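Chain naming follows the written order as A, B, C and D, and within any one chain the residues start at number 1.
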Amino acid sequence: MSVSALENFQARATELAEISHSFYARGWVLGTSGNFSAVLNREPLRLAISPSGVDKGALTAAQILLIDERAEVVSDHQVKPSDETPLHLMIVGKRAAGAVLHTHSVWSTILSELHATEGGLAIEGYEMLKGLQGVTTHQHREWLPIFENSQDMNALAENVSARLDEHPNPHGFMLRGHGLYSWGSDLRQAERHVEILEFLLETAGRTRQISSSNQGGV
Amino acid sequence: MSVSALENFQARATELAEISHSFYARGWVLGTSGNFSAVLNREPLRLAISPSGVDKGALTAAQILLIDERAEVVSDHQVKPSDETPLHLMIVGKRAAGAVLHTHSVWSTILSELHATEGGLAIEGYEMLKGLQGVTTHQHREWLPIFENSQDMNALAENVSARLDEHPNPHGFMLRGHGLYSWGSDLRQAERHVEILEFLLETAGRTRQISSSNQGGV
Amino acid sequence: MSVSALENFQARATELAEISHSFYARGWVLGTSGNFSAVLNREPLRLAISPSGVDKGALTAAQILLIDERAEVVSDHQVKPSDETPLHLMIVGKRAAGAVLHTHSVWSTILSELHATEGGLAIEGYEMLKGLQGVTTHQHREWLPIFENSQDMNALAENVSARLDEHPNPHGFMLRGHGLYSWGSDLRQAERHVEILEFLLETAGRTRQISSSNQGGV
Amino acid sequence: MSVSALENFQARATELAEISHSFYARGWVLGTSGNFSAVLNREPLRLAISPSGVDKGALTAAQILLIDERAEVVSDHQVKPSDETPLHLMIVGKRAAGAVLHTHSVWSTILSELHATEGGLAIEGYEMLKGLQGVTTHQHREWLPIFENSQDMNALAENVSARLDEHPNPHGFMLRGHGLYSWGSDLRQAERHVEILEFLLETAGRTRQISSSNQGGV
């Protein structure tokens, strides 16, 4: 790796570790859940990604791996990348994303279960939607697809890839009982998208907790 | 700008950045939502205000702009003030406010949706109301008007301005699906008003989550 | 004041400020709500107490006043003690408390409203009750009386004093729409009582949010 | 104690104090609730354990006791170990656990009450389950047994011990109105199990707050 490539890798690794600690503190990546990646180079693909099975509250920049387009580790690490690497590679390729962040919050877990049979969750009418790239009005309708979960990550990535084509331009999707995937042109934008989608999921979830029989007054 | 005016500007800018970080930590200005201003001078009007499209968890005092009554930037910045500047200028003029704070919490988002058709939300009987300027008893009834959201900020400011006259003396209002605006004679009072109104909105929202069919006992 | 009395006052004032910041961070004393006191001497009575109208997140030890049994300030301060001083003095006298803490949480606000007509809230069967002084089993039934709120603090203190005699040995009471009062033999015990009662109120409130029609299964 | 045994004890005591502060900050061990232990030696048994009646937010490493298999204190302390020591010793023996952590959260309190008559709570279908030792798919069904609470800790430990045999391989259990016990091969694994089970309990509890009559739409 050239000196500038190495510096770039270290800068992204530091940002990924900071995001990991921030998300952990919010309860979005408890246990060993959650994984994060950022593109360093397109041709050939070089992706900085969190390793498998690590506590996200304790993740360090030095633990971030560098992998290629076949998920082979090209940095000097002896551990495996995240089990969900196929999903990251699929999103990076299909959506031209510069960064992919996967969170596992209480609200994404609940809503991905409750709306699984509908195949997704529509979020519409909120000003907060304007924080999503390309959205210019609260009248935007964001359809967040929900896909069945699987332990066969290659099959899951293929299935999501095929189904994702049916949706015009989502900013994320959910896996049932498993949480949220979002992405962006770079880490800052991906982080903002997660923050906004998690806000909207919390808003949708808490609204559902107000029973319809009680909506007539305080 | 004179030395004392500059020092005043820098002091207010520092306070605005501190409020921004505090509100961000509470989840009230996630993404790039929220905006804040403080009056430095009345004649001619000089308003310190947050710039457009900035992450409120990372806002610095150096990023705070100074604008005049036509929203023209008079400080040495090359960026635009908040998109919602017309609302700030309207409130500063109409309500003689010394500071205006706009938050975008989960509860203000939910309640501004649920009560939109009633045109507002009444909050009554709570001791916490006494923290609002001029309120001396918990028996006070605070009517928090709710206005339809719009992306035409000038039209929105005009509309809110006209409708605000119908209400005797509100300490804030909500935009539908968009959050809370509050203000005060200075930044400290405005900050206290936001804290109190957000507390009361959370109280109202969580009370609504207790279904009426369940109110007979624990 | 003797040197040892002064040191004692300063130590208690420091503890009161620490409790204030801790409770503020938990959202229990937002705005200017909440007030705190600790007995320094019984005969004659000397009570360290928070001043009126102060932001509890910014309260300093130097702001803590010393008052006598008639609520006269005996320390070197030019400000008034908390408006709710009559309630503190009543509790200190009637319950032989060494410290009194008043919080104003979302859950105490909600439950003191919902159970006001019953005159109180029963909490029973929880292990957490054992943290209350003198309680040795989870089978304890704690009756938390709720009294109507009033802006006439002297009348309110008298009314609460009379009604409190009807209850065998409460560890706290609520004022309707106004929050919780608790106390203890010293500040540490009073702080623990608040923590436990707030936990139990949150537990009771969130249980109420599970509608009876939904209690048959996940 | 040899130098290496002493160093091992001090290292575990430091970790137990850190876990205590972390859990306290999350609201899982308020008041004097909660207790923690870690095995230092198997033959003869040496267990590092938190003392009785201590504020878990202020617990220091120096306060951690060392006890033997009969709960006798073998370190140089004059205080008693946690009242719930019999449960820790039972779990360490029966489940070959290297560490036992007992939390007392709002959600474990609520759900252990609501599901007490069913004798337990089933959690199934969540990806987060994979963080539990030995679980390899989200299709795992975790049965969290709930046992009646008691103040006779020896009888309680015996009762739980007998009933625990009926369950194949739980990662924790709840005491009714009293909270969660979990364990692991070492402190890190036990801490992860608590984090995961608390997440799943919060998820189950908040799902229950969405009334069935309201599950048809946002």
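We adopt the following convention: a contact is a pair of C-beta atoms (placed from the backbone, for glycine too) under 8 Å apart; a residue touches a chain by one contact, two chains touch by 3 or more.
Note that the structure is a prediction, hence the values are computed from the model and not measured.
Participant: Touching chain A and chain D alike: which chains?
Facilitator: Common neighbours, chain A/chain D: none found.
Participant: For chain A, which other chain has the most distant CA centre?
Facilitator: Centroid comparison gives C as the farthest chain from chain A.
Participant: What is the distance in Å between the mean C-alpha positions of chain B and chain C?
Facilitator: Chain centres of chain B and chain C, defined by C-alpha means, are spaced 31 Å apart.
Participant: Rounded to the nearest whole Å, what is the centre-to-centre distance of chain B and chain D, using the mean of the C-alpha atoms as each centre?
Facilitator: That pair's centroid distance is 44 Å.
Participant: Where in chain D do residues touch at least two different other chains?
Facilitator: Chain D, residues with two or more chain partners: 207, 209-211, 213.
Participant: Could you tell me which shape the graph of touching chains takes: line, ring, star, complete or other?
Facilitator: Per interface graph, the chains form a ring.
Participant: Report the complete set of touching chain pairs.
Facilitator: Every pair of chains meeting the touch criterion: A-B, A-D, B-C, C-D.
Participant: Over in the complex, which chain D residues touch chain A? Could you list them?
Facilitator: Residues 125-128, 131, 136-138, 188, 192, 195-196, 199, 202-203, 206-207, 209-211, 213-215, 218.
Participant: Which bits of chain D are touching chain C when the two form their complex?
Facilitator: Touch residues, chain D against chain C: 27, 30-33, 55, 104, 106-107, 109-110, 113-114, 121-122, 149, 151, 175-179, 204-205, 207-213.
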